[in-house]
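Before anything else, here is the set of structures, which you'll find just below.
Two complexes, one shared chain (chain A), two partners (chain B, chain C).
Showing the complex of A and B:
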């Protein structure tokens, strides 16, 4: 006796229109499984690297991750929400100084500084997001630039709290005895953990309705509003989220460097971040990592030619990228993969 | 009272410099809708050209005229080569391109002339005019006079020449202007050339006061932005008025508000920009843009 459900299914199958021809098997580099494999490989490499490299290179990789977290935030605002910020260095600085002040004056255990710094940057971003939502692109760029310029004298002014132009020197987080890691390795893994968490959070945010709302605002504000996207809420929140990521990066920066001073957070930092993001790739998830690599390594390499060479290269690259590859290095890589002809 | 007037005059002198750079910003904004973040750096580069010429032995005024001519040509070239491909692109792209130009010009000046500061000759005689207990230095008077003359020349150009009429037509409606036979592309380039020339004037004015170095205009630029925002980004008149107001406000705030002092003065443009944008986004003299979604 046959199973009734099976016959039902068989009848349903015969009743259904003939199934479409199966899609051609995807090449291995296009399959999701390969992508997960690549991610796993990358993760393994990221965990293995600090045991193979000299401390200075481990430090450089740590800085790449810190920049990547900051760029993740900037990307959320610029790449996904289409707003401009020329002042993200200021939010980075707020995170860095919040952590430094908590460590210096309140002797807080360092893991606790992370949520506080992120929260402070979030609130500040929210506060600036409210006027920002009334400002259109150009004006937003102006205001954020003015904030970045104003921050340095402000930090120097409140000397009791911030240490003035001398800055604050702090002890770096010591590796716990059970880990058996050297200091640079411990800092690297701390940063890696924060970066991975930030990436997952950002990816989740973009896949949620928030991400779709931001894309809609970026692509057509009027249409987004008609579709029921509350522009003011989302623009303000985009600013706040974005500031939060920058602040988080700033906090980790304080842990890793063990020193903050106003001159580390001039307007140059903001402009470098924007440059890194544009070159790395606006609006893509891998863009911030590529941008972080770029921000970390290109100035050092170019400095060998001339003190001014990093600026010349940054400036030319930004303009060139806007002309020929508005999606940056990440977009170029994606385009190359798609260029590989499909097998017939 | 005399002290207050003294501060006022000083503020006007500083304001005239902001006004001249703001004028350059407004010129470009009117024609192309671009806020040129590289305007200050272009002015700085022009100033270096002037310095190079005087260092080569040219008399100051001849060097100045040559510099203005070179700046004009340079401005047109930049419009043709760098801005033309992104004409009509989203604001984000335009801002990023001019920021790229900013970084590039700044570094290029550092590459050519190094980052060491240079003395720039002051075109105006030393000394001051004493009147009623306040003294006005000749260089302040000179700066005010030069900005006044530039403003007057621009007014004559826009109101009483055929080129100026064409430029106003392009600023109002590029498509209609093209239909009546105006070369829109070249008019835009002309706008950039004019703006670079005006910017060069402000650079040459500011250099003797600040010392010449590649980051010289960074501080001035933010005041010029505040001035242009206050006056309205589409009003040359407003840019000059805004510049003077910003200069006076900054000087008085630095002198009389103890908390601000000389180091936090740079907060003044931030407050002005934020305040204007929140209360009257089109600025004092600008036209409000009515938008159809």
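Showing the complex of A and C:
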């Protein structure tokens, strides 16, 4: 005789009403399996690329990653917290110069420059986050623009420390013998490691309670406040974190370029970063990477057409994106993927 | 036992004073209805109670002095405000909205159990968890707003015109749920409402606010029996 509970279960099964209609299938590109697959593919491509490309292209890819890290920070501030910064190039510069000064004057081993540069940018971001507590929109844009404007003369002023207009030239991190990598490949993998860590950190931050608070502030300040979200704390911290990512990117920039000068960090950089982020896609995870491609390649391509072209092309691109794809290239890509028919 | 005590509350926007000394008390676990014409200052009163705007006077909740506190402090003290227009975070999902409601709760609080509790009051939300809150209907958004407020396990729930823009049937259902919440959780409720019938139907106490002053107070029955109120808010003469 079979187990009585089993029989009961069998009877229950036969007696059960037909199952309710299955819920609509989850959008397949959101499914965990697809995401992991895509991530693995991307990781494989990222590790394979430097062995296939010529050094100059490896360098370009490295720069794309560096800008992506900076945009990750800007995206946190603009895309997720709903603030604005026209001065993010300044935080990038602070990271770059902190690393350069530490390497030049203190001869610090280069891996140690990363936490110091990130920390310095974080603190500066915290200081500039205080006005952000009270200002919004246009006023905040102007204050952050002022940071970017007064940075260049400041860097030129403290010549002993910063090398003035001449800047500082540094040795690039040498690939360790065990790795068997060329310099460009080593720099690429260093940058890749920093970028992956930054992405994971940022994604974790956004999934946490802090991320929810930032989204709430962005979407409805008043309602966020009555739910107990401290606006001043979160706005200030959003600035600080955002600056920290920019500073981290700046530090890696110094490693990779081996040279810093005030003219690399003009207001133009800040504007280009913001433009890159908007074109790449505000508030999305892939937006910063697409934006990194933009920051790396579009100014150069535009320059080839005409010296005055970058400004015009930027302006036109931003207007075009706002009309055609307000969610940026990332949003556009998402829409295209959704159009691909689903395999049953 | 009185829970909320408001004395001589004045508040306004910039130089314009809207509330001119409002005093009222609400008993622990009671529902208090605030009636009054448009522009009387009902929304302003709730905003002053939740700290969204600065106010003078004294406010105590369960004996604790809350006068002049910031909104996030008041949220931590147990005040949950469902604002006029619901304050939905449109791009976020329903679940994210609900979890934001538990923002003031201590780490490790049983948020999952509370989500289940909200689903028993508002089963429709459970089927919409992963959907953007902005895509909900008006009634569903109002349920979400109330559910979100409950996630903080409030001591005092402030509801600003929950019936706004909802079909009569949905409104009635919503008030039934508010009553159930009040009965089961012993949450004190202050509800501002244009639909005086429904509000008086679930409230024990009611106050009529006109141009920033309370002109009439009493039990729900007394207010319902008042000729003036009947004419102005209930649409018939007694």
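Basically, the second predicted complex is superposed on the first by the 308 of 344 C-alpha atoms of A that agree within 3 Å, B and C clash if a C-alpha of one lies under 4 Å from a C-alpha of the other, contacts with A are read in each partner's own complex, and residues count from 1 in each chain.
Keep this in mind: a residue touches a chain if its C-beta (ideal position, glycine included) is under 8 Å from a C-beta of that chain, and two chains touch if they have at least 3 such contacts.
The structure displayed is predicted, hence computed values, not measured ones.
Once both complexes are superposed on chain A, the partners chain B and chain C fit side by side without clashing. Of the two partner chains placed around the shared chain by superposition, chain C is the only one that A:230 touches, whereas chain B remains out of contact.
In the superposition on chain A, A:145 makes contact with chain B only, while chain C stays out of contact range.
In the superposition on chain A, A:36 makes contact with neither chain B nor chain C.
When the two complexes are overlaid on their common chain A, residue A:275 makes contact with chain B while staying clear of chain C.
By the touch criterion defined above, A:51 lies against neither chain B nor chain C after alignment on the C-alpha atoms of chain A.
Vectors from the Cα centre of chain A to those of chain B and chain C enclose 80° in the overlay, to the nearest 10. In the superposition on chain A, contact of A:222 is made with both chain B and chain C. In the overlay built on the shared chain, the residue A:297 is in contact with neither chain B nor chain C.
Applying the stated contact rule after C-alpha superposition, one finds that A:213 touches chain C and leaves chain B untouched.
In the composite built from the two structures, the nearest CA pair linking chain B and chain C is 5 Å apart.
Taken together, the two complexes place residues 222, 225 of chain A in contact with chain B and also with chain C.
Residues 78, 82, 84, 86, 131, 134-139, 141-143, 145-147, 149-150, 153-154, 156-157, 221-222, 225, 267, 271, 274-275, 278, 306-312, 314-319, 322-323, 326 of chain A touch chain B in their complex. Across the complex, chain A is touched by residues 50-52, 71-72, 74-76, 79-81, 83, 87-92, 96, 99-101, 103-104, 148, 152 of chain C.
Chain A contributes residues 209, 212-213, 215-216, 219-220, 222-231 to its touches with chain C in the complex. Per the touch definition, chain B reaches chain A in the complex via residues 35, 37, 82, 85-86, 90-93, 95-97, 99-111, 115, 218-219, 222, 225-226, 229, 263-264, 266-267, 269-270, 273-274, 277-278, 281, 293.
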